[in-house]
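You will see two complexes here that share subunit A, one where it goes with subunit B and one where it goes with subunit C.
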Partner chain A sequence: MRRYFLLVASFSLLLGLLITAWQESRHPKPIALTPTLTGQVEYCLTCHADLAEISSSHPVNTFGCVLCHGGELLALDANLAHSTMRGGKNPSDFSVVLASCGGTNCHSGTAENSRNHIQRVTTSIQATYAGAIANIRYTFGVQPDLKAVLGEFAIRVPESTSGITELAAFNPTQETNPFVQAFGHNCLTCHLSALPLTGSEYIRYTGCSACHTPTQSPDRTDTEKLQSNQIHKLTTAIIYTQCDTCHNRGNYNLRTMTFEPRQDLPIDRLHDYYQPIAQFTSCEWMLDCVDCHTRTEAMGDGNLYSVKKDIQYLQCKTCHGTLTDLPQTRTLTDPNDLAFRLVLLNPVIDLNLGDTLLITEKDEPLWNIRVLPDGTYELFGKADGQRYVFRPVKGSACLQDPDRQDSGSCHECHSVER
Partner chain B sequence: MRPSFFHHLHPPTIPAKQARFRYTLAAGGLAVFLMLVLLVTGILEMFYYIPTPAEAGNSIQTLTFLVPYGGLVRNLHYWSAQFLIIVSIVHLLRVILTGAYAPPRQLNYLLGMGLLVLAILLDFTGYVLRWDEGIRWALVTGTNLVKSIPLIGNALYTMLVGGTQPGPATLIRFYGWHIFGMTLAAGILVAWHSFRVRRDGGIAVPPPPLREDQTRITRFELLRREILAMLLASTALLLLSVFAPAPLAAPITASAPASEMARAPWFFLWVQQMLKLGNPFLWGVVVPLAVLVLFSLIPYIFPKPVKPELGRWFPKSNRIAQALALLILLSIITLTLLALLPAS
Partner chain C sequence: MSNRTLSRRDFLKLASAAILTASGLLGLEGLFRFLNTQTEPLPPTEFDLGPASNYPPGSRKVLPDIPALLLHAQSGYSAISLVCTHLGCTVESKPEGFACPCHGSRFDPQGNVTRGPANKPLRSLRVEVTSDNELRLYTN
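Let's look at the complex of A and B:
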């Protein structure tokens, strides 16, 4: 009997050993990667080998995963490996963006203001939402004028030249006016730190990825991919549908102080879009938003502003000129011109030294618009690469008043029939 | 059959009744076995472990995830350590509830208490060696308790921690204590404890004329039973190691805020629960030490078990000691369960 016990116990140990060996054999074979920028081996690819490269500017062999995402570089247990990731799936959220995307070799802290994207974007009104907050508080008599004093988060910019050097954090619960409180609770879904509304048409990340990670496709068919919320891509080729996750998605109802989202899912861009504007020109519906609007307009110039108009400066004449003047241009003579850097990120146009580009009134290169020898201009869509040719106003029969450049004035003649 | 080396480690025969599992619970033997497993797996871990704050966590992750069977070695070490505390307590209870500490075994009882304390300290120092976010709270709280001791607290803290707050000096000190100081002391005490078992006449039994059952088993049978226990224990350790890996969290970094769900290791949860009552010196130092002293004094201050009653459970002669031990154990279990309840 006792011999039998010993035999059973021996078999149970043997079984235990076999189970141990079997479990060990089931572990995935570790895949090591030593990114050149960190020099530290990391094993994220053991599980994430099928993930597409995030962008040509951030090759995985150079950056690896941990430099941007954080996480435990040696752990092969998902919970442990992910426990120290920055910002969950999105390291570009503003709460962690400096640690993830910042650094003088990256996107913050450089002497060159145009490369300090993190500092600039956190001052932009898309991030602070200061204009909307000031407007509502002014409307309901809480503040004496439209000058922004509160933002989504507190920020100080002593060097700001706009007259606003700091914003305190807007806290709806500290507001006394019930409408301002309601605005704070119901309407702040579109700034860059806000989580989007529910619904596939709103899906976007926060922070840099709100715009630079394409979560929306124009055909709106890829909903499964959208809902999985796992798009590993950074791009400067930003399709208009990405902008539409916030813009053109509905209206504020000032009576109830709620945001009323559109009920329809716009598919036909010509007929469904641009509410509440009734008129628009062909470039307003054929091009992508980023084809005209510059990075300074979208991401700020480092100053704090109260309203969109203070930073959004592009007008029809920026590209088309006036009856007396052609649009401003710059001939590329410096191989380090910003235009070359930007085209490197999104090579839709083959720029060369000697090419003449359109530039804005603030000297920003419209690097996707080149002057042609016959005096016309070619524009390459930043998102789709499509080529368009257009003419200047000068020498045409245009009835333009150079001082009236708001879209309403140009729409009088150039609106598209819907 | 000629007795082998292993047979010679045992007495030629022992009383059959007191050699049964239902009497010994196999606790003492299992404790020795677990210590051997801990020694072997601990030595293997030392090939990979790097005792610096910057490298400790990563070196454990390397061992756990990248070294073939490294995770198994670590898990075996972990589970053996947890079980060592459990079987040590079971062994202590068995000795009290059978009155086996009766003279001449008082000294060996104290040696056993020393081994239990060492097992707990080894477990705590080993836990701290993880140097990850999971141990941070216990390390800070535990070392701060030392500071709360009047007069000598600060000096003791400096000796233990090696500075004004836990850092590289703390880790290397805990490492030194774990792999050398305490392990050496435990080795010596195990040898002494085992020697005293033989010297005190083996397992506690009544004098021969008073024994109901005079049958004895041989050292061959005893060794066979020990092998059986070891096989079963090994199987349990293996299965636990495979399916319930030892805990591991992200390494401690200066920037990370301390976790809100901070818990002491399970064997100190009762102390953590008492600390909620206030005064850290009283509840964190005095009361646990008082429990230890009380247990150590059991052979000296309470009515002694009488010889005819030895060798069986719950002798009448030392009921007070039995009741006290069970009461304290019940209190500790209750406090532990309270500490495990989610904070309301």
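Let's look at the complex of A and C:
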């Protein structure tokens, strides 16, 4: 056998070299990109040149791919190139978002210039789910009150002004009450870190992309792209169907501690609401959720809260005023006004210095709603750009009780039949 | 003339030698390619802009490949970088100055910040007229 050893070894060596050369020849000719921001060559476009630009704020020539996604910037082998990507296909997942999207010039800037998006959203009710956890634990006698003490993940916010400065991580397996255990296992499917339920109507990413990457078209038929992981887009023009991947999908059964999906098939926008007995006004079903609800309501203000009501504050009077007061407004005099930055991201309205906008009770600009010279208001839909004109309550024949400003009171007269 | 036949042993030796030679050549070729690998060139920092006469007094010429704006004023040639000082997007030249399409920064015609998030002015770039009356621009 020894006499064959040299021949076999030589042949093996040649075969190995040939295989290596063959594999090498299969690699495509690299397409190099040197992003302005990093100055480092990356070869991602060799395979991904046809990918659409993710947003006008993140041009690939400036950012490249690796800065946000991670990965091996010079690898031409797909497995190697993708081996160190952050968050797989979703670098906005909260487990990696700080490394992917953070930075003082990016999305973890200071609260002073409203650029602390990551800090705000990771402390928000939608991320921590703290209110629901506290509510269930209180209901079953596990905690003495409704104050949030546990969240989807542990988080400390020493500067929180809400009275809650930290949350410990909720771990269902450490709970003794079987209902709380079941809640933990069955009902935590909608917070921003949770993987969605199975079904096309639930399809969304996690983290920032849960809302900002559109996976649901109005007719709910355009989910093929997501299933093949081809959606490469970030937007603030968030259509209501994206919100509906969590909201309006069904109810939680508190006896069985299971999620019960809605059984009906909505046929239009009006019937998308899952509560059959609830009342709605025109704006609640004609507009998209983001047309009224502000960034702070959705993404939090950096404080930890126990319940949605602590952070969701818009009421009908925010836009319509009352019998005695017009809604609050602000005339744009500062070119650095937040409204200009927000409209840049979604230019459905042409804002100029001197324009008067509606603002909320917390001084947030409703930048898509402008005061017209005749005292009415024009609203531009953030998702579809459609223009609506509406009047203030003041001076109208409305018979509202100024002390009753909850939406339910307004619905008594203004609900839509369906 | 002898009628030699190749013994089995000789054949094996010959085959091994041939295979080893081929392997060696392949390995050398790989080594040669490795040693001759061209690294990606660094972005250029000097740009020949052609004859100065192409840029008459009073002209403002956007040079998209750099990117920069070349100005020919009475005081001579000057250039402003069109790379936004916030995150590096290319700003657009407007009548009132410069605007960044990515994040909304605004700059006056001299490149000074008039609206954030950028907080530094656009960079001034050096422009030289060579002895043969050509313009050369430096970005470093």
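The criterion applied here is as follows: the second predicted complex is superposed on the first by the 380 of 418 C-alpha atoms of A that agree within 3 Å, B and C clash if a C-alpha of one lies under 4 Å from a C-alpha of the other, contacts with A are read in each partner's own complex, and residues count from 1 in each chain.
FYI, a contact is a pair of C-beta atoms (placed from the backbone, for glycine too) under 8 Å apart; a residue touches a chain by one contact, two chains touch by 3 or more.
Just so it is clear, the structure is predicted and the values come from calculations on it, not from any experiment.
Q: Name the contact category of A:341: first (subunit B only), second (subunit C only), both, or neither.
A: After superposing on A, A:341 lies in contact with subunit C but is clear of subunit B.
Q: In the superposed arrangement, does A:75 touch subunit B (first), subunit C (second), both or neither?
A: The answer is first: A:75 touches subunit B but not subunit C.
Q: Examine A:6 and indicate which partner it touches, taking first as subunit B and second as subunit C; both and neither are also allowed.
A: both
Q: Tell me the contact category for A:19 with respect to subunit B and subunit C: first, second, both or neither.
A: first
Q: Any idea whether subunit B or subunit C touches more of subunit A?
A: Higher number of touched subunit A residues: C.
Q: State whether A:49 touches subunit B only (first), subunit C only (second), both chains, or neither.
A: After superposition on chain A, A:49 lies in contact with neither partner.
Q: What is the contact status of A:83 with respect to subunit B (first) and subunit C (second): first, second, both, or neither?
A: first
Q: Hey, what residues of subunit A end up touching subunit B and subunit C alike?
A: Residues 6, 10, 13, 17, 20 of subunit A touch both subunit B and subunit C.
Q: Mind listing the subunit A positions that touch subunit C in their complex?
A: Against subunit C, subunit A makes touches at 3-4, 6-7, 10-11, 13-14, 17-18, 20-21, 32, 34-37, 39, 41, 56-59, 61-63, 105-106, 113, 115, 335-336, 340-341, 344.
Q: With touch defined as at the start, can you tell me which subunit C residues reach subunit A in the complex?
A: Within the complex, subunit C contacts subunit A at residues 9, 12, 15-16, 19-20, 22-23, 26-27, 30, 40, 43, 83, 86-90, 101-104, 106, 114-117.
Q: Tell me, which parts of subunit B touch subunit A in their complex?
A: 58, 61-62, 64-66, 68-69, 72, 221, 224, 227-228, 231-232, 234-235, 238-239, 241-242, 245, 248-251, 256
Q: Write out the stretch or stretches of subunit A touching subunit B in their complex.
A: 2, 5-6, 9-10, 12-13, 15-17, 19-20, 23-24, 30, 43, 72, 74-77, 80, 83-84
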